[in-house]
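Chain lettering (A, B and C) follows the sequence in which the chains are written, and residue indices restart at 1 in each chain.
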Amino acid sequence: MKIMKKRPLLFLLLLPIIWLSACTSGQVANQDITERIAVASTPEIIWGVKADTNLFGLYNIAKGEIEGFDIDIAKALTEEITGSADNAEFVEVTSKTRIPLIKNGNIDAIIATMTISEERKKQVDFSDVYFAAGQSLLVPNDSAIQSIEDLNADTTVLAVKGSTSAQNIREHAPEANILELENYSEAFTALQSGQGDAMTTDNAILLGIIDENPGYRLAGAPFTDEPYGIAINHGQENFLNEVNKALDTIIENGTYAEIFTKWFPEEEVPELN
Amino acid sequence: MIEILTNYNDVLIEGFINTLIASLIALVISLIIGTLLGIFQVSTNKLLAGIANFYVQLFLNIPLLIIVLFFYVVFPMFFVGVNGFTAGIIGLTIYTSAFIAETVRAGILGVPNGQMEAGLSTGLTYGDTMRYIILPQAIKIVIPPLGNQFINLVKNSSVLAMVAGLDLMYYGDLIASETFNTFDTYIIVALFYLIITLPLTYLMQYVERRLAAND
Amino acid sequence: MDFTGAYSWVNIRFLLDGLLVTLEIAAISIILSFIIGAILGLVRYMKVPVLSFLAGAIVDIIRNLPLLLIIFFTYFALPQIGIRLSIFWSAVAAMTIFESAMLSEIIRGGLNSIPVGQMEAGRSTGLTYAQTIWYIIIPQALRAMVPPIVSQFVALVKDTSLATIITLPELTHNARIVYGQDTNFVIPMFIAMGFLYWVVCYTLSKLSKRLETSNA
């Protein structure tokens, strides 16, 4: 305990030296997750999930647990890999905390509405696509904004920190102002209070918001492809392969379709692979 | 580290300036409000003293973040929308005023009772005694703690980052999540804060020593 | 506004769960930072060559940084150099690092406020340096230190709210989860959250007043 406390102090003292070593040392290797699961008596898999995103990962206060599409997929995958869905442990993450957490080794995998991108591949590996979303705009019903083309220098778009959505807006509507907030509920509160003219993120998440808040609509068709993947730290190829294999299995045996229809009854089950 | 500085120097400087502006505005307004509240607290007018005490006891004991979030989240539901920067400044001002009021009150009470009696006995009114005798002496007592309040204010202004307040911490956080080089980014942000707070700290220590030497 | 729904037992229990985490974090950090702060403060007061200077430098750097930055640092940056802490312990580490620095400054100031003559008097009666500090300086300094130390503890309790940013399930975090799910709950949650923090902090500061009067 004392060492844990003292170390940060010491490190602050030795700032210049640490800085040099931090630049050179890179990432400390994690224990192989597959090996850990093989030898553990209770083979837990720790998943990083959202807790503020309706339909994907939302905290159910009465039950004291997080529920959603991502959670059910994670449970199904855990069952395939370890033999029981009860071995799935869930840790709440935000767009901002999820990559540091997986680098940190606190979680084994991220299944949290995370888009596969080249930039992120420098940090983590991705599984095959498990959900195909696209970025869209959420506006009040009476808004003049009909599509991404209507964004200009006079409009402010609300996005969530640490997500790709702000970068996409910069590409598709370079004129528009962007304000980045901590999480979806704060971004939506900001939209409700007129801090911005539109909120942007993946259509699937926006549909979850509309589901609970009538008076808002999507503006136009999605302007990007946002394939969601499960993120796993570099150097965990064995675990990544197992997750991909399990994903294939649940798609083939109909479990995936079942979970999809449970959360998106209106939508058609997509063809993955 | 050099890379972050060269690639992001514009946003870092913008954040640095916003942090300074937010701190200065909050300082000036909370000095005025805080001083008035501090004087009210020791006033013989029961109503004024009651209101001032209520204010101080309320805001001394509620986290700054809650006050800022209140203005950011709740305020717009009834009045007008405020952006994170403004909500942050309002929250900082309300919060810091309570601390300054406490400092001022302690400063006034630090002046011996006899001074007030002496002032009144020479025919001065309560207000005049306060203004010409008590407050000038109290100022000497409150300068060092007030300096500390300003340093706290600069540090506390980082709460703006939690409401997209475009301050140094907000941009630092953004750079960290874009570059993933959290370590170097936070060291740079730390250095920027120290540029403001360290000289202030040493200045206050110097002032404190000078005041002590004058006694 | 739906106050009855907001204050359902389920939500209240969730807030109280958060309050419990807040109190746990605060209690652990108070104990740890008091110990470390006292050691740092004493080291600086005793003017040990090199050690006092180093302690002073560390304290001056840390107490001049925003706590939020230190929270980010312990949570996001330390893993980059191989130090991994859970959410709970990185919050505790950040609070402790920051509050130790603040407390050490209070303690050093308190010790310095005791006139030099006291030390000389102690030594001349045959007490050792350490004995003089322990039996003569510290008991007198404590009287001056108790109020600012308790204020710092109150500040610490309030500061735990910042750890919501790293998804520590404390009071602020849980209240935000509740109001994030229903706009009608925003105001009731702010009232509840403000009230709970206020009660804890006000009680703590009243305790300080009692200590002050009983000490005098």
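Keep in mind that, in the parts below, contacts are C-beta pairs under 8 Å (C-beta built on N, C-alpha and C of every residue); 3 or more make two chains touch, one makes a residue touch a chain.
In UniProt terms, the chains line up like this: A = Amino acid ABC transporter substrate-binding protein, PAAT family; B = Amino acid ABC transporter membrane protein 1, PAAT family; C = Amino acid ABC transporter membrane protein 2, PAAT family.
Note that the coordinates shown come from a computational prediction; the quantities given were computed from them, not determined experimentally.
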{"item": "Greatest separation from chain A - chain, by CA centre", "value": "B"}
{"item": "Centrality ranking, top chain (CA atoms only)", "value": "C"}
{"item": "Interchain centroid distance [CA atoms averaged], chain B/chain C, Å", "value": "19"}
{"item": "Whole-Å gap between the CA centroids of chain A and chain B", "value": "38"}
{"item": "Distance from the mean Cα position of chain C to that of chain A, given in whole angstrom", "value": "34"}
{"item": "Multi-partner residues of chain A (each touching 2 or more other chains)", "value": "18, 22, 100, 182, 186, 189, 192"}
{"item": "Set of chain C residues in contact with two or more other chains", "value": "61, 73, 76, 80-81, 165, 179, 183, 186"}
{"item": "Two or more partner chains touched - positions in chain B", "value": "73, 77, 162, 173, 182-183, 187"}
{"item": "Residues on chain A engaged by chain B in the complex (per definition of touch)", "value": "15, 18-19, 22-23, 96, 99-100, 122-123, 161-162, 179-182, 186, 189-190, 192-195"}
{"item": "Parts of chain B lying in touch with chain C, wherever the complex brings them together", "value": "57-58, 60-66, 69-70, 73-74, 77, 151, 155-159, 161-162, 169, 172-173, 176, 181-183, 186-187, 189-190, 193-194, 197-198, 201"}
{"item": "Chain A residues touching chain C - in the complex, by the definition given at the top", "value": "4-5, 7-9, 11-13, 18, 21-22, 25, 27-28, 51-52, 58-59, 61-62, 64, 92-94, 97, 100, 103-106, 182-186, 189, 192, 212-213"}
{"item": "Touching residues (chain side chain C, partner chain B) in the complex", "value": "60-61, 63-69, 72-73, 76-77, 80-81, 154, 158-159, 161-162, 164-165, 172, 179, 183, 186-187, 190, 193-194, 197-198, 201-202, 205"}
{"item": "Residues of chain C touching chain A in the complex", "value": "10-11, 14, 32, 36, 54, 57-58, 61-62, 73-76, 78-87, 89, 93, 96-97, 165-167, 169, 176-183, 186"}
